[in-house]
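Two complexes come next, and they have one chain in common, chain A, joined by chain B in the first and chain C in the second.
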Partner chain A sequence: MSTLSIVIAIVSFVLGALLALLTIPVLVWLERRIASLVQDRLGPNRTNVFGFRLGGVVQSFADVVKLLLKEEYYPSHIKTGRWLFMLAPVITFSAALLAFMAIPFADTILVDGEALRVQALPIDYGVFWYLAIGAIGVLGVIFGGWLSHNKYALLGAARAGSMVISYELPLGLSILSFIITYNTIDFNAMVQWQSGTFFGFLPAWGILVQPLASIILIVALFAETNRNPFTVAEGESEIVAGFMTEHTAMKFAMYFMGEYVAMNTASAVIITMIFGGYQIPWVSTEMMLQNFSTFAIALMVSVPVIVFLLIKWMRKNNTVRPTVSTDGGRNFETKVLSIALISMTVLIEVILLYLMFFADSALANSITVMLFQIVVFVVKLMLFNIFFILIRWTVPRFRYDQVQHLGWVYLLPLSLLNLFITAIIVVGVT
Partner chain B sequence: MLEISIFSILAIFMLGGSFAMISNKQTVFSAFGFLVTMIGMAGIFAMLNNQFLAMAQIMVSVGAVVVLSMLTILTVNAKEENLPKEPHKYKWIIFSTIAVAPFTVLLYKTLTTMDRHFSEMATIDSKVLGSVLFSKWVLPFEILSILLLAAMLGAIVIARKKS
Partner chain C sequence: MKENITVIPRHGDSFKDKLFLPAIYDGVKVTFKHLFNNVTDINAVDTLEYPEEQPRDITERYRGLHRLTHRSDDSIACVACFMCSTACPSNCIFIEAIERDDEKDEKMPKSFFIDTLECVFCGYCVEACPCDAIRMDTGIFSLTGNSREDFVMDKEQLLSHKGAFGEENSCARD
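Presenting the complex of A and B:
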């Protein structure tokens, strides 16, 4: 193992941890801002550090500080098993966090003839890992709900548990039909399979190759993550906060963050399995590496355009109403962020120019492609998180019996049928 | 050395978990003990370089068995005073341990001599396992699935309302 391969292993591990953990404040912020957008208001946008608001992201850090400093108290009626009561949120949180670790952020990179995986855990059975570790998460909900010794918590836990069990079947069956189609259980190989074309012109993304299984996968993952329209485990009007009724302060925050990490993991699984993962359509990694100069020129043209549009959008929106006399440091923030963005663009251009004309190193090229793929992955991940949030704020909730009905009567037979048809087609083709 | 220490930690977890499972009165803690034991066993499978088996262990034992038993515990929701009284629990545990000790020795002897009768196997990867399961072992596999189907039908018949 060379030094570079160790560096890449460490970087991909840190990247996995950061992508899972640092997206929590961003997701909380996105949730609140998009909810506001849907409801025609602004949402939290005042909190700042030295005038920097970053559109309100700073609010999430203030929330974290609040939750950390809150008074912890335990319900006095819990006599035995207080340790398990406290451990339960940690089980949910860490299961969601660990399940994220098998997602590839970029294609395998060749260093000294050694193929290195750019994923936090370099394993080739990612789908299995996700299914196995993801299934532990619901245990935290059940333990927490049972040990609260509270009718609402008990009902919430029972609902969450039975819903997850009934949706694990369609989820597993739809994933099985993807495994049959892609002929692998490795997330990275799945993404590579999707870099080809389908019918000659469509990108071979899972959603186009397996439309029914994709829809079932998305619906089942919505249920697995307890997101709307499947929020039956908690409901203000029926069972208060469900399984987390008795959990306070940081224990509540663990459940809360676990939900966001699970949502992030679910989006990562969706984009990896059916939306081409870290790849942009029609362009595979080999193509980018072979035509590196074309790729670099395209990047050099598109980055300034994107940054220009971003700065223009920021200048238009990062202002106060004309009737307000002080701008609260908003002009200053716009100026600093513009300078930072422009200097970043210049740096990228210089590096790309250097790589194109002066350095002729295949390794540097593949590292550039890797970084580009990581950026594509993060953009897709955020788009899917926004999709999750938009669904939550536009679609009404299901009733509990409707949830079970949908799972057992529609999704399970449909996924079985899809599996059957897929098997017939795959056997017929080969 | 590292291997031995990881193995010991996993073994301690497994022993503790299984003891907690049989000695606890509250079923929920027994379920937690079972969970710890199963995760420890998956860890030992992973240490033997058989990740497929480890993942399958977690998926089946934790994802299905523990979750289902927890759901049963939630549905029954037995109160503390309704649980059966077990005054001689530890005596039972000790004497049954002594009673099965000869069989444990027999099992130990069998298992330690058994590895000579197996040829050296290459690392099991999921592709090889799948193709062997669906070519050489397809009949036993199907018979097992009929057994499972019969069990499922029996459960449905028991649970169905009498009209």
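Presenting the complex of A and C:
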């Protein structure tokens, strides 16, 4: 094991932890901002550090400080199982966090003939890992609700239990048809399979190869993450906060953050399994490595265009109306961020030029491709998270018997049918 | 009477309705349109950015903080008749009368207090005043202070408030 392979292992672990944990405040902010923009409001946009508001994302960090400083309140009526009551939010949170660790952020990188996985956990049975660990999350919900000794919390836990039996079977069966199609249980191999084409011109993304299984997977994962329209375990109009009624301060925050980590994990699984993961359509890793100069030129053209559009958007939107007395330092912030973005672009261009003309190192090229794939992955992840949030503000909540009806009467037969057809086609083709 | 019966068509039985996904697509189209329009032009969001932006829709009928009006020579218009404090349903107006020595009227208030914490902003004092001496047309809608005493307006404070809609002096006393 060379030094570089250790470095890459550490980097991918840190990246996994950061992508899972650092996206929580971003997602909380994104949820509030998107909710307000969908409803024609502004949302949190004032909190700043030295005048830098970054659209208000600093608000989430202020919220974390608030939650940390809140009084820790233990309900005195909980006589038995208090340790499990305390542990329940941790179970939910860590299950969601661990499930994220099997997601590949870039293709395997060859170092001295050694293929290294850019995964926080370098395992080749990622799908099973996700199914096993992801399903534990609901145990935290059930324990927390049950041990609260509160009727609302108990009802929430019961509903969470009813949710599990509704969505787990279609989820497993739809994933099974993906396993049959891709002939692997390794997330990275799945992404590599999707980098090919299909009918000659369509990218072989899961959503095009297996449309029915993709829809079932998306629906089941929406249910698994407890997001709208499947937030039956916490219907605030009927059962207060559901399973987390009795949880306060950081215990509540653990549930709250767990929900966002779970959403992030579900997005990552969905884009890895059906939206080509870290790949951009039609372009596989080998193509990028073989035609590195073409790839570098394309990158050198597209990065300044993207940065230009970003700065233009910022100059237009990081302002206030003329009727507002002060702009609160927005002009200054726009200037500083523009300079930072432009210098970053120049740096990227210089590095790419150097790699194209002066360095002839296959390793440097593959590291560049790896970084590019990580960026593509993060962009896709955020886009799908935005889709998750948009759905939350579009579709109202189902009743839990409707969810069960949906799961058992529609999704289960459909996924069985899809599995059957997939198996016949795969056997017929091979 | 059969022709008067209207049959309401029931929805939800067609295949498209049962599929549910077209409905979700339509819903996402609406929410995404709002999101996209607002992201591309944030200042089109019709939100008042209070307190940097002050409300522009306060009308003349709005009952803001009270003020005492002046005569044309800048003396107080009030004649200390106690009509306002009698009409006041929350008993928050406290007046002490004194003899007026500039021959314009017989009486004037020596002190005039309004406890705005007690006040319900009903406007009865304005209606009761025979001299147009007390008005609520300042347009002031927020009053802040650090102690309860800060909210008790005295005569000088009430005289210092300006009318927000043009009319400065009392229309009944000159």
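Here, the second predicted complex is superposed on the first by the 429 of 430 C-alpha atoms of A that agree within 3 Å, B and C clash if a C-alpha of one lies under 4 Å from a C-alpha of the other, contacts with A are read in each partner's own complex, and residues count from 1 in each chain.
Everything that follows uses one rule, which is that a residue touches a chain if its C-beta (ideal position, glycine included) is under 8 Å from a C-beta of that chain, and two chains touch if they have at least 3 such contacts.
Computed from a predicted model, the values in this text were never measured in an experiment.
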item	value
Fit-or-clash call for chain B and chain C when the two complexes are aligned on chain A	fit
First, second, both or neither for A:Ile425, with chain B first and chain C second	neither
Touching partner for A:Ile6 - first (chain B), second (chain C), both, neither	neither
Touched partner set for A:Leu417, first chain B, second chain C, both or neither	neither
Partner chain in contact with A:Ile123 - chain B first, chain C second, else both or neither	first
Where the C-alpha centre of chain A sits as vertex, the angle toward chain B and chain C in the overlay (nearest 10 degrees)	120
Partner chain in contact with A:Leu202 - chain B first, chain C second, else both or neither	neither
Gap in Å between nearest CA atoms once chain C and chain B share a frame through chain A	28
Contact footprint of chain A on chain C as seen in their complex	21, 24, 27-28, 30-32, 34-35, 38-43, 45-47, 49, 52-53, 56
Chain A to chain C touching residues, read off their complex	34, 37-42, 215, 313, 316-317, 319-321, 323-326, 328, 390-391, 393-395
Residues of chain A touching chain B in the complex	80-81, 84, 123, 125, 128-129, 131-133, 135-136, 138-139, 142-143, 145-147, 154, 157-158, 161-162, 164-165, 168, 185
Sites on chain B touched by chain A in the complex	26, 28-29, 32, 35, 51-52, 55-56, 58-59, 62-64, 66-68, 70-71, 73-75, 77, 126
